[in-house]
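Look at the two complexes coming up: chain A is in both, with chain B in one and chain C in the other.
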Partner chain A sequence: MGDSAGLRTGTSGTPRLDGSGGPDLSCTTLDNGLEIVVIPDRRVPVVTHMVWYRNGSADDPLGQSGIAHFLEHLMFKGTELHPAGEFSKVVSALGGQENAFTSYDYTAYFQRVAPEHLGRMMEFEADRMGGLNFDEAVVAPERDVVLEERRMRVETDPPSQLSEAMSASLFVHHPYGIPIIGWMHEIETLNRGHALDYYRRFYAPDNAILVVAGDVAPPETVPRPERTYGRNTPHAGSAGRSRPREPEPRAARLVSVADAKVEQPTLQRLYLVPSSRTATGRENYALEVLAEVLGGGPTSYLYRNLVLDAGAAVNAGAWYMGSAIDETRFAVYAVPAEGRSPQALEADLDRAVSAAASGIDEDMMERAKTRLIAETIYSLDSQSSLARIYGSALAVGETLEEVRRWPDEIRAVTRDDLRQVAERYLVPRRSVTGYLLREPG
Partner chain B sequence: MGDSAGLRTGTSGTPRLDGSGGPDLSCTTLDNGLEIVVIPDRRVPVVTHMVWYRNGSADDPLGQSGIAHFLEHLMFKGTELHPAGEFSKVVSALGGQENAFTSYDYTAYFQRVAPEHLGRMMEFEADRMGGLNFDEAVVAPERDVVLEERRMRVETDPPSQLSEAMSASLFVHHPYGIPIIGWMHEIETLNRGHALDYYRRFYAPDNAILVVAGDVAPPETVPRPERTYGRNTPHAGSAGRSRPREPEPRAARLVSVADAKVEQPTLQRLYLVPSSRTATGRENYALEVLAEVLGGGPTSYLYRNLVLDAGAAVNAGAWYMGSAIDETRFAVYAVPAEGRSPQALEADLDRAVSAAASGIDEDMMERAKTRLIAETIYSLDSQSSLARIYGSALAVGETLEEVRRWPDEIRAVTRDDLRQVAERYLVPRRSVTGYLLREPG
Partner chain C sequence: MSATLTASASPANIVPLSSPAGIEAWSVQSDFVPLVALAFNFEGGASQDPPGRAGTAQMLGRLLDEGAGPYRSDIFQERLAARAIELSFTAGPDAIGGSLKTLTANSDEAFELLRLAVAEPRFDEDAVERVRAQTIAGLKYQLNESGNVATRRFFAEAFPGHPYGQPNSGTVESVSAVTRDDIVELHRRTIGRGRLKVAVVGAMGSAEIGRRLDHVFGGLHDVTAVTPVADVAIGGRGRQVVVDLDVPQSVIRFGTAGLSWRDPDFIPAYVLNHVLGGGAFTSRLFQEVRERRGLAYGVGTSLVSYRHAAMTWGYTATKNERVAECLEVIVAEIAKLTRDGPSDDELDKAKAYLTGSYALGFDSSTKIAHQLAQIAFEDLGIDYIRRRNDLVAAVTQDDIRRAAERTLGDGSLLIAIAGRPVGL
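Coming up: the complex of A and B.
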């Protein structure tokens, strides 16, 4: 690998998240396909080292749901060079932190350590990108760990059961309807062969993004990733992501989970809407602003309407999962006040959502935009948020330019944009309503 | 192929559907794997010739929904030997009838002609089992025909939209949730390559069952299928059927379609229940009897309860799709009386279904069994029903012995069996309720 593929040569434009200042990124790609983004942040003597793989639970082969998440577990079980637990022990001994997470569209691994240990993190992470241990002695017990995780988090937890059932009803065909952790009966059948096939298909430098954020300026001071990741063999070139598309929704759906364990009934609603990748025009930005206007905290439309004015709910909000490869979720929710049922609250929520489309004034919209942009800029204060924003954007196929333009796009949203996306997408036939109900013991 | 693989040698036991008399079947298998069942029926000088393929829409590759049905269309578009339409013209010129259908678990083709033309039917059918024409000039226009079929039958038809949405909600993971005709946006992408791959995978003698019913006794008079089908090359040996299993359902679901075109609102309910292939013990027979008790005609429990006694509905019924490879549908439905809404009727239906579990007396059950068995025996009077019963049973993997035992199994069902399946399966968390609503224009 020549210097021409090195870290410095790619130093490109200056993506700035707030449209004016912001981090001075270095971007490059190694010969083996690994994309590298370096985000200088010298305020504290710390670096965040993240590797993002462009595969998540929505890429699980049919009948092997949970394999992406299972593999995330196995990534901590050692390699030929380093026994299980060694990497974690080293991070801990260096006073660092580590974590990993699996999402629908990506899987990521990160460590935060003092800058002088960055090279060592690269060694470990590059090592487990290609040399993972798949002994049966490791695989079977770890599957039991995942099964127990599912038992604890879902099987015995009514809110999680409702959430899974709502997703499965919203996405009748696309794998976003399958839980990230997988269906119990399919996790039970995952074996060494599945894990190995999956690892060989997706864990490779040409399917990964390395994000280094922190006290690494000038970028020349970053340990040369060629010396670690550069040795990994590319092979994911043809991995691809092939997912079925949702059919056009035709029917309003309602999902109910009733359980004696439920302490607080809730009302939830999901709508199938475009994501940053499927939107046309400014739709995704309008949906972001709409979620903030409707349900971004105690000054939001739903909160004022349902909690403060009507006293019908004790909480209410909205969110939009815009960062996704395929069509995605827009959610509104409300927690009924004592003595009110989710059923009774639904009419209030419907009224508020319908009214919002026309009832949002310029002032409400502008305040929401300001909050959204401010929150994101505040979040840049956290080095790991910074790394996450860039890593997740690249992992779902957004460009750094799109990340840079984000504040301007948000500012450009008009009331007409809000009205249009509300009328087009927040409609019954695109929705799944959820009731979490207390079943009389 | 020697005589030892001929039609006569396999003449086996005597499956008798009514447990006492019934058709005297001949069963055999050709060297190339084609299973053959001959059902003598000399009452009229007619034969029914059916070929069943062990592949239906639930075997459509992911993202290619509708391919099984599309291929059924293409099977009428000619072969290297016979141009499009020739087979149909010959059947018609001989005064015969023909048809074909695609289901979740199988695809079947049939002709009814005078016995002396049976050999000719075999020639044509064996020819299109291996020599189908896949010219682009045929494929693309036929796809437009299917798209138009879907537009007419589903896209503009609210009851079909509700039915599709209910199935998609009942089967969150298994392909029974995908419509047999396919999703519009996936039919649009089906091409010659998909059709050819699918044909090569499934259309072969070792994936097929030939059923000949009619004036063919003694079986020696049947034209020797070795001379036609015997020339087809087996290649489906490894085709297999690999389908994901449904997760354990946790949430009651409700699906609503509201449309100004709806003239008659309806209330429907599906439950996820075992099929003949997944049931343990007598569950599937109990479910058959339960459907008959609950909703088999104007003397059934639901009809008497909701229509005759309460006057809440103008019709009510139930059915069970027991013949299926995987977990399947049990349905109850009611059509509200003038001035009643599906919502209002739902409480009545719930009460009736709950009460039925304990409220079925011995007499009601015995009358239902008698009706069920009698109906099936009457249906044997129709030669094509006879051929369908045996063909579909074999196509989903039931044995002729199971078909033979059916009346005895039905007779053996007890009230306790009915109570057990009702309590275990007709529960909210296994259900999808459907409202078809008139939307104020």
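Coming up: the complex of A and C.
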């Protein structure tokens, strides 16, 4: 690496300008089942090393909500070979950064370091894939840390409490209705045994994906993962996820959180919709475009209708959590204008949502598609984003080909597709409405 | 320590350029992705808000892309969205910053919309009222959010009677009082080319950058009329204030003296701060507050450097029953670090982390553009990125002692707590 290597001007792996190409990546699978994706980005001498496990909070055993997340914390507490904190000290001394996160469908660990340290990251990460071992003494303080995390995120925050209540109501049977961090009273009972049982069930190379993004070429300089991860023993067969399916929803639901701390009421709505994995045909792509058209920023249909035209709201939007294994969430929300209640705004929102299918014109469709597709090009500018996009897609069972085809699929969505998914899924019986209200103190 | 990363963290190919009309910019050319990212700062942010009208600069920032030139807000936003051009403005205490990202294929439109936004914003009445309503809704949404409550009270106590004591976003009352004339006047005083700093990163050559910068900024007037802001030191050290809030966990903000980025002792203070409460899992506060005692999910400190004030600022949150214990641990750790300093090994590791990780902040065009614009705004020099790791590597225990004396000093803190702490 020369003295001008800091911001290298790109030569190799230039993506196709229309965004349909994606980065120049390679993938392999080790004999023990570990899937490996390498995404070169040679502009800066930095590499992002991530391991994704195909298990998340939705795989928590009944009564042990929060165990996936608690284990994620305990993964920093040492192994047979390395005492608590040693991995973190090494990462830090090498000028690296690290962290981890837990979601409904996956758990991931990452470090960002200079390329020459990639081999050491692999050694440590492969070691804690199978060799986790921590003292009983670290469990109680770390559980307190998680309880403080929950107090910070939820117990002190009425909007988060509403969001939890809405999810719990939307999913009447599926564990997506349980918060990732877990319920307070169950976190309090989690112990070392729960964590290690869960660990032994899921942490193995055949349940994991290694993503390396960054300055990893030329190939002869890349540490060979066989020498580290290759030594990890696979489970005999996949641990498997076994989750109950949602029943067909029939009841429109309404929940509200009223709190003296609330000064600004809001209106939220969730619909139960197909995900990238459960959709038939182009439904999930249509839902992506629908969310963007309906609620992607100040040119969106809802913002136009409720904020600019009616003056009923000061903000409005929508989003779709398409990347999920099971049936998932589509959300719309609005913040009522001064003097308006969420109840009054709900009628306007309902009108706007039902009129949207016929009110969306070609210009709006084109704008939405352009923005969605441009996002994929913008993401090429950040190796961390790329690592997350590919890692999360594989972790929920999408294929690399599906990720590559995404812009083309978005482009192919028609107004008819939008109308169909809107009419089929954005209906009261599939919905939960939420009010955040002020309770006189 | 990573010699490779240290050397590579110096983007040796930052090109200083001056446009035909004299707009100064720093640029880094990179053809990897067909996009260009622009970052820039106009001096004079929330500190220029008229008395009683806190939030004016933030409203100005939010209104620049709400209609400009011939385009009313909806048409302006449609033009941005139709080409996925990302344009935003934010008001800090000392500057209004702007950020533009576009695919290079759409540069003509992107730079024209940027020109209109900075040079010819319309400030239509309906847009002003909409942004006011959104700002007030946002303020109300956060009004009793414990982190926000603690932070507002901390700044009010730290800088009473000074613009830095006012929230950038203002209050419901102050934002209600802002007039269109206030916004027009603030635009006239601060959005000029006199104190402009621009950084451009992406697939665009110097000649084209010069031409486009002239197009965007060349027509702005040259003088700016920023109201002088008094230098101020953090007040209230040794005081502890509680804002009562019905929540099970208290949010704690604490602070003491700091050093500005331009101060020769800034780098030693930065290294010292890393040892105390910097962003790695290895800091003393992280170890003592979180790892050993499970008192909090997050705890840390940072150096805050404004144009006219500097401080060391810390945060954490713990359940009401453990607030006293948590504060004891923090105070004791600060006292210990001030008295004994870091060990030689700790100092070496802190320097290794800070030099090694510097490159991690330069891994996307937008990040690079913002770093460059900030360095230019602070007048640290175009070679700062090249020099910075050497400055860190040269820090000695003597430097650390001096920095500790000037920042942590006698260990007295201003502490603001929001919650219902027990046993204080």
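Things to note:
Just so it is clear, the second predicted complex is superposed on the first by the 415 of 441 C-alpha atoms of A that agree within 3 Å, B and C clash if a C-alpha of one lies under 4 Å from a C-alpha of the other, contacts with A are read in each partner's own complex, and residues count from 1 in each chain.
The rule we apply is simple: a contact is a pair of C-beta atoms (placed from the backbone, for glycine too) under 8 Å apart; a residue touches a chain by one contact, two chains touch by 3 or more.
Note that the structure is a prediction, hence the values are computed from the model and not measured.
In the superposition on chain A, A:351 makes contact with neither chain B nor chain C. Residue contacts after overlaying the shared chain place A:227 against neither chain B nor chain C. Look at A:299: by the touch rule set out above, it reaches chain C but stays clear of chain B. Judged by the number of chain A residues each one touches, C leads among chain B and chain C. Once chain A of one complex is fitted onto chain A of the other, the partner contacts of A:117 are limited to chain C, with no touch recorded for chain B.
Of the two partner chains placed by the overlay, only chain C lies in contact with A:94; chain B stays clear of it. Residues of chain C that touch chain A in their complex: 1-2, 4-5, 7-13, 28-35, 37, 73-74, 77-78, 81-84, 86, 101, 103, 105, 130, 133-134, 136-138, 140-141, 143-146, 245-249, 251, 279-282, 290-298, 317-319, 349, 352-360, 362-366, 368, 385, 419.
By the touch rule above, chain A contacts chain C in their complex via residues 1, 3-10, 13-15, 17, 41, 43-46, 76, 85, 88-89, 92-98, 112-117, 140-149, 151-152, 155-157, 159, 214, 260-264, 266, 297-299, 304, 307-308, 314-315, 335, 337-338, 363, 366-367, 370-371, 373-375, 377-378, 380-384.
Residue ranges of chain B in contact with chain A, taken from their complex: 62-63, 65, 161-162, 164-166, 168-169, 172-173, 177-178, 183-186, 242-245, 247-258, 428-429.
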